[in-house]
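Presented sequentially are two complexes of chain A, the first with chain B as partner and the second with chain C.
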Partner chain A sequence: MAKMPELKSEHIWIVVTIAFLIPMLRPLNTPFPMSDVTLEIYKIVESLPEGSIVVMGGGGVFAFDIESSPGMISCIKQMARKGIKLIAVPLWSETPQFHKYVIDAARVDKDKYGGPWKYGEDYVLLPYIPGPSDEVVLDSFLRDIHKTVSIDLAGTPIDQLPLMQKVHSYKDISLWFCPHWGFVPVIRIVVAKYNITSISFAQSAAYAFFSPYMYSYPGKVYMTNGYIGGAQYEKLAGDKGLGHMVIDSYTTLSIVTVAVIILGNITMLSRMREEEK
Partner chain B sequence: MSRTVTYIRIYLARIIVIVGCLSILAGYFLTSPETAGLSSELQLWSSAISGFTLFIGLITIFARYIRSVMNREQNWPFHLYCLIVIILWVPFGFLQGIYSDIYQTLYLSTKITLHITIIGMMGWFVVSAMYRTFRVRSFRTAVLAILAIAMIFFNAPYLTTPYPVFGDVSYWLLNNPQMSASRAMVICGGIGGVILGIRILLGLERGALRMTGGE
Partner chain C sequence: MISTNPWIWLSAFLSLACFSLFLGDNKAFRWAETTYTASVIGHSTVTGLLVMRDRFYPLYTGAKPILIIPLILGITVLLVVWRKYAWISSIALAVLVGVGTGMSLRTLTSSDIIANTRAVVGEATKIIRGPLTTQVGSIINIIFTISALFYFLFTLFPRGTLSKPLNYLRTLGKYALITYMGISVGNTIQQWVGTATSALYRLIVLWLGLR
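The block that comes next holds the complex of A and B.
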């Protein structure tokens, strides 16, 4: 066997770039399996009556929470279609930007995009709520919302917002979504103490760590798994967004990665044989 | 620095650590309103003090980078750029408000987008690292390479859709051997952290809390 040259990293990066670009330019529509848990989450949201109040809250870093965005955006579109109300409760300092991002990406705002939701009546963005820990903030929020936070993200007193006049404590909240890494405090307080069903569009690493909570709190805690969970939810909601794109990218990149590993071993073998000769 | 000030710094740090630990433990194990009140008050102080660390960070950065720029050390243009961005950004946040549209847009366009880019770049580095790392030289490296390839394929939607059994195998591998091994590492790390904390408190770690004579 002729001695194969050792590939430079730059050559591999060019191939990886092409592997990313192919599904962006021409969607592959890769099929993927549907998960029972994702289907159950979709049915839970579908079963909520019009006017129900749902909270999107938790803490995370924006760059990592992008993995949770496909499912959350599709869910926001579903909620807007059903007339469900949403309150965004950020517990970390970067989370308000993420909440704004997913709501803007869903194009549901009436004034900006002609969607079904009007700010203040159908959805409210609360500011970052500081505290010694997420659990303390969540407990305070669920006991008395108006004592915990007094203004919204823009500085408007929440007493002036029609939606916030209807919600005062955990008794007024039907469901809790957490599209962030910080799902465990939500489970500890929102689920365990206040018995509110909580759903996380979890990042795949978070799913690996936190999925046992689904078995500890059956029927109360649900989690989707990373981008594939987001793609499953997009499919159920009739969307084609980031989740589908990532599945296509995984298709091309998985083949490239395995090919690269095999090529590396062939290179090593050819060098060993050459050295033996 | 004089010896007196050094000793004050050493013993003050120890006293603060001991008082803080005792208050947290007392607030957790004792149920009297006084200890709960003391614990809450000290936690508030702790939250306030932790805010000062931001100022310490800023002062440190300014001190080091100004020296670097004046002495034209390596990478001084980047240090100057950092100082200019800080000087512009902090007053900008105060004047516009951190929740104003323009501040949010700039923050999203710069820091968050760059953070996403840094994380996304891992994809390229992982593939080139795998080219060099997963080379079968022994039984162990063969197991590593085969399992890595297996996990890549077993999680691939084009395989799990027609053959769901691969998804089940992947799920079992992740939730049994992988989870047990990763939890073992996390437990070891936690125990190691506790032991290190106790050693620091007892002065057995050299340099911690300026204690001398550590082992």
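The block that comes next holds the complex of A and C.
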């Protein structure tokens, strides 16, 4: 009987890399089901009247927040198309960079990309707001925005920005987005205390932990699940970005995983037979 | 077309150096690792300085003289490095921890205890209405919630006639937790696959322009 060749970990990694590269070079357009929650979120954003003020806030680590980016980028495009205003409120030190990244990737800025949004009038990037805990910062921010933050990310006093002149407290905010890991403080303060509907383009691991809050606050807390949720939102917004690419990667990687499981089992069985002989 | 942006090139070299760990520990990976660590520390320092500027801007303009209190408390935290005066820093830290914990505990009661209990009760009502799949899902949710809670709350229980059925409930609780952990691990793997795709996207599309 032919002996099964020994597989080194380097060989497996090369195969895995090829599995990742295939859909990147040639998109597979893998079909995926639409979630009712993602559809509901899309409808909520669509139903917002022009000029509504939405906050993108929370905290997380940039590397992991990338998983929240496909949904958030598509949503920013949708909001810009509908004339909705956005204020970015970062609660962790790495978050301002992420907020800049998603707005930039959506290519909605008038001066940079000829998009519909003008900085200061349609969107504002606030700096990292420190505090003893995210809950304390959120509570202070929603009670009195101008007392909590005095300047924007570039150092301009917020009183000089037209959008910030329209917003003073939680009463002026229509919706809250959290494209970060730290969704629980948002639920505890923004939803539970100030009754503002909050949506998270959650990372897969965060979804496993925090999705029960959707049952606790039905109609107030919404979460999409990782890249699949992002791809669903991209589909609704008519985009094809990172979300779609990752769904393709899941497909090719699943094939590799099944192949490795089969090979591993064949190796084990052949060795058992050899030992029996 | 290959990128002409030097930052994309730097990002590509760092990504390649990180991926080189798959071939074993090497100098390129060490370079990427130390660069990353240094960048994080540098970024935190710069952010800290900018935050100081942002937060104390109203104190500088005289709009909020009360900000002198957090400024003094902030400076006292630095005393932690002198053993003789380290006790002074504990005042500022006590304020920090006290306010944070106090606020979290207040909101935790309503969002995590009351709201979650309400959610479980609400879930119970779905057992008798709705489509069959929802009914089955609700039954599983209720059983798993009760058994998992039972496993955590009753680590010790009296021996006797009830011990056997209660032990079944504890075992079911263990299975509920294992199921939850399995789902969490699966979702975490999905996250890593996505992160790797995003990194390779930077290399293939943004750097080499192959798509």
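Quick note on the criterion: the second predicted complex is superposed on the first by the 276 of 277 C-alpha atoms of A that agree within 3 Å, B and C clash if a C-alpha of one lies under 4 Å from a C-alpha of the other, contacts with A are read in each partner's own complex, and residues count from 1 in each chain.
Just so we're on the same page, a residue touches a chain if its C-beta (ideal position, glycine included) is under 8 Å from a C-beta of that chain, and two chains touch if they have at least 3 such contacts.
Remember, predicted model here, so these are calculated numbers, not experimental data.
Overlay on chain A: chain B and chain C clash in the combined arrangement.
In the superposed model, A:37 lies in contact with neither chain B nor chain C. Look at A:13: by the touch rule set out above, it reaches both chain B and chain C.
In the superposed pair of complexes, A:48 makes contact with neither chain B nor chain C. After overlaying the two complexes on the shared chain, residue contacts for A:251 are found with chain B alone; chain C is out of touch. In the superposed pair of complexes, A:208 makes contact with chain B and with chain C alike. Applying the stated contact rule after C-alpha superposition, one finds that A:154 touches chain B and leaves chain C untouched. Judged by the touch definition given at the top, the superposed model places A:139 against chain C, while chain B stays out of reach.
More residues of chain A are touched by C (comparison of chain B with chain C). In the superposed pair of complexes, A:22 makes contact with neither chain B nor chain C. Of the two partner chains, neither chain B nor chain C is touched by A:105. In the overlay built on chain A, none of the stretches 41-49, 59-67, 185-193 or 203-211 of chain B clash with chain C except 41-49. Comparing the two interfaces of chain A, the one with chain B and the one with chain C have residues 9, 13, 17, 20, 63-64, 66, 94, 96, 127, 132, 155, 208, 228, 250, 253 in common.
Listing the residues of chain B that touch chain A in their complex gives 43-44, 46-47, 97, 99, 104, 107-108, 112, 115-116, 118-119, 123-124, 126-128, 130-132, 134-137, 145, 148-149, 152-153, 155-158, 160-161, 164, 167, 174-175, 178-179, 182.
For chain C in complex with chain A, the touching residues are 19, 22-24, 43-44, 47-48, 50-51, 53-55, 57-58, 63, 95-101, 103-104, 107-108, 110-112, 115-116, 118-120, 122-123, 180, 183-184, 187-188, 190-191, 193-198, 200-201, 204-205, 210-211.
Those residues of chain A whose C-beta lies close enough to touch chain C in the complex are 9-10, 13, 17, 20-21, 24-25, 63-64, 66-67, 93-94, 96, 127-128, 130-133, 135-136, 139, 149-151, 155, 157, 184, 187-189, 191-193, 203-205, 207-209, 212-213, 215-218, 225-228, 242, 245-246, 249-250, 253. Touching chain B in their complex are the following residues of chain A: 7, 9, 12-13, 16-17, 20, 30-33, 61-64, 66, 94, 96-97, 100-101, 127, 132, 153-155, 208, 211, 228, 247, 250-251, 253-254, 256-258, 260-261, 263-265, 268.
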